[in-house]
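The same subunit A turns up in both complexes below, where it pairs with subunit B and then with subunit C.
Right, the complex of A and B next:
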């Protein structure tokens, strides 16, 4: 009896010892910074130097007092929806081609090209897009070189520029997760469906999409969450157009130096994103079956 | 239900010829077994009929309809895959319903036909289960029901029983034969298991290296294989080469045996070999060395050696019991059991 308990206890100890690096990491990298931010969000003033501070809820109530904040949050959520939709529409077919139509060396080469954006600095990437999209830029010159009439292409400082930049940055997530999901689908399932008389859209709708939905959803979440809070792309590619909820938070930290308000706005964003995911998950789960 | 014909099918992959000028007719309502070792092109031929493989040259007709340019989904075929390929996200009933729905059969009509198909394969009450909740044999039945439900013109089976264990496989063979008889659909199936081919088929075709080497009723082909490959692939055969001496054939060591149809090579099945301790009368007698006797119930197998060549004989129990463990014996067969083989 006691032997059994001892074994259970040493097992638990061993498990704890083995897991402790992970817990330590989570504590240092996630829990501590988040709790510090949560603490700041209830203060009147950042407790640095000899600033006087007290506990308050005004930072949260400020969000509801001015419609600017909620308007910007809605704008950011809509940006997230647009970018996620585009990433799915472009990424899923790309993943299909990679997983089912291309074999061998060509696939490796294409994979490299998909992952390439990950290897470049995001600032460099965004400024490259600025050079391409601005008036008299690369895109403008290219269009005018093949188009017989004179046109002005200046996408910089528009919502389109922001969307293009974000889609380019986050597309690989959707391609990679969808690729993994699609590769797990046995080719014989598709052959079986064809032998039963199904056209490609029936196969896509009734077999491929339901079976790859988990991967596709994982990719969509990986895109949606960071895009809603994005600030670099809107700022550089959006110019005057580029005021979003993410840039608003950034301003509180780096320009206005109102950390408590920035922290409160961040937590409201976190809550809204979690609510959206919670509401969407049962609907998406039902779509799977 | 339709007759299926393939004419002069050639299919080359890079440098390898998967199918080399294959012409074959699969009779209406028959159960046709395509048999061959791996790499013989049997699966390629089946997939050509299905439409997954496009032949370099040649034609395929299902019924009177040429289908080489018809995509798979419009060929009206039913196919059972080696791994069954059941849709994991659908129930058994939805799997069976799939082919009906894409053909526009819905409502009560579809429900009735799904129930009929599941009844046919004796899975009536399992419609609401998911494929992962079924055993291997049940999945096999669902795959059959799904393929048959839309009433295809031809049923194609790709090694349908190879994923099952031995005892279940024998049961499913009987079951498969029953279902095919009941539905009366032209069925083509691919196997590397010669016993399975002999049991199930009305006709068999034997492929080797992309070529059709023999085609016919199983009994016919077994009794008169015609070439060395077929003789050895379908059952077992003792093959002897000799020099022609008029109506006789002189084998190694000077023994003379009857020569069928001007042959220089003959085959005798082990079950047609007689082993005895006294020299028998008549022709076709060889002096051989008995190496081993293997008891196996009603029949026993004798492993012998003649002129350095292994020879196998199957003996009935009483004959078997009268033989020594080892030593010199006489081997003989009657004229009608020696078959001429072509030398290739």
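Right, the complex of A and C next:
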């Protein structure tokens, strides 16, 4: 008995020794800057140089005093929902094809194509989309070349442009996480269902979706959270329509130098995203069982 | 060059206290006074040496002047900011008799409200520029004469203004016939800008941004800065900078002499050199803002951008020069602009 406890203890010690650098790093890299921002969010002025500052809650109350902030937050959440839904609708079938229908080198090649966008700078990707989507741009020329009638395709500076750019940027997350979950499903389960006469939608609904839900949901969360706070894509692709909660926060930091308000708005966003995930988690858990 | 050398020699002779001094200049980096060829020529002509120190914001200028008393001889100050520096007692009134080129300065600039205080001039008007509109020559056969071109339904979706609250409100003020420095009817500005919003394709942020959108046809007419327009045209962009009948937003930079400067005579000789036509003609080749010296503008080659836009003799009366903006006003404008953007 005592030997077992000793082993457990040395295991714990070893785990602690091995993990502590990682946790120390996380503390330094995530917690410290975040707590600095949390501190700023309660100040009247950023304490740089000889600026006078005091502690206040006005940055948080500002959010509730004007409907502008909440309206933009809702707009950003809706954008997150749309982009996540599209990523799931496109990414899940892609992952299915990759996991179950393609084998060997072809799969490696396809994987490479899925991951390829990750290797380029996101700003470059977004500017490329701007060139493709603008009137008289690549898409416009292409459509006019194959279409007998004269049409004008100018998607740039619209919500569609933002959605296209974001879906392209975040799709790989859904494909990769879904792929891992789908690959773990035993083929014989599907074969058994089929031999018992189940139609494809029954197999999808009763076997594949429940078993791959953890991966699919992980992917969806990975997409939803950054998209709600996105600012670069809406600004470049959205033009006049591109004012979102993320661009509002960006403005506070780079344009009007109101860091405290920017920090407070960021923490409100963090709180809202956490609430959404907390509310969604029981529903998602039920879906898994 | 000989004309310039004789001019400098004249200054040298008429200024008795002038001997080899070190002139310390406080300015933005790369803004005229530190052009290598000009400083070298000046040092050669006068024996004085010129040392530069740079600032990155107007607030920094004030901090530096407050904390380093006597450290500077010539300081560049924007006219909208001069009153604050004067109020702190950091500047000496300009002794115009020490400037040979002073008589050629445009009276409209010399009389600028920001540079003058208590009946004295505190900054020698030096460089200026405008925020107005520029249009694509491919789209316009006849150049627009009114700011209302931005509201013209014909250009819906191909119009832009800069993503800047103060500039947006000032454009709205011009369009509603108001004084940009004293906006009485902010609601009129709000409704005017509300009408403009659906026409806007995207807001522009930087010169580069503007050039790209204009080159790709996303813009037909957009607000723009005069100095940037000169550079864009220089790069081959087919646009025309227009100052509409409603006027334009102007800024004016002056060169001032701090109260505690130890080398005031040398400082005046350097300022005189900076407002000299010969210096400006050289600066214009490298992309200069407008000059406050009418003789300097007249000396430019005819194809120069600055000469072309300054042809209009009524120009300086049409331009409304920016004056200091109170923090409360700035915040009010910011809120108006954010609300407008968020409503899209």
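Operating definition for what follows: the second predicted complex is superposed on the first by the 272 of 289 C-alpha atoms of A that agree within 3 Å, B and C clash if a C-alpha of one lies under 4 Å from a C-alpha of the other, contacts with A are read in each partner's own complex, and residues count from 1 in each chain.
By our rule, a residue touches a chain if its C-beta (ideal position, glycine included) is under 8 Å from a C-beta of that chain, and two chains touch if they have at least 3 such contacts.
Quick caveat: nothing in here was measured; it's all calculated off a predicted structure.
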Subunit B versus subunit C as contact partner of A:196, first or second or both or neither: first
Touching partner for A:260 - first (subunit B), second (subunit C), both, neither: neither
Touched partner set for A:241, first subunit B, second subunit C, both or neither: second
First (subunit B), second (subunit C), both or neither touched by A:72: second
Which superposed partner A:186 touches (first subunit B, second subunit C, both, neither): first
Which of subunit B and subunit C A:134 touches, first, second, both or neither: second
Subunit A residues within the subunit B interface of the complex: 186, 188-189, 191-199, 202, 206-207, 210-211, 288-289
Residues of subunit C that touch subunit A when the two form their complex: 63, 163-165, 197, 200-203, 216-218, 334-335, 338-339, 341-342, 344
Parts of subunit A lying in touch with subunit C, wherever the complex brings them together: 49, 66, 68, 71-72, 134-137, 156-157, 238-243, 248, 251, 255-256
In the complex with subunit A, residue positions of subunit B that touch it: 50, 52, 71-79, 81-83, 85-90, 98-99, 102-103, 146-147, 150, 156
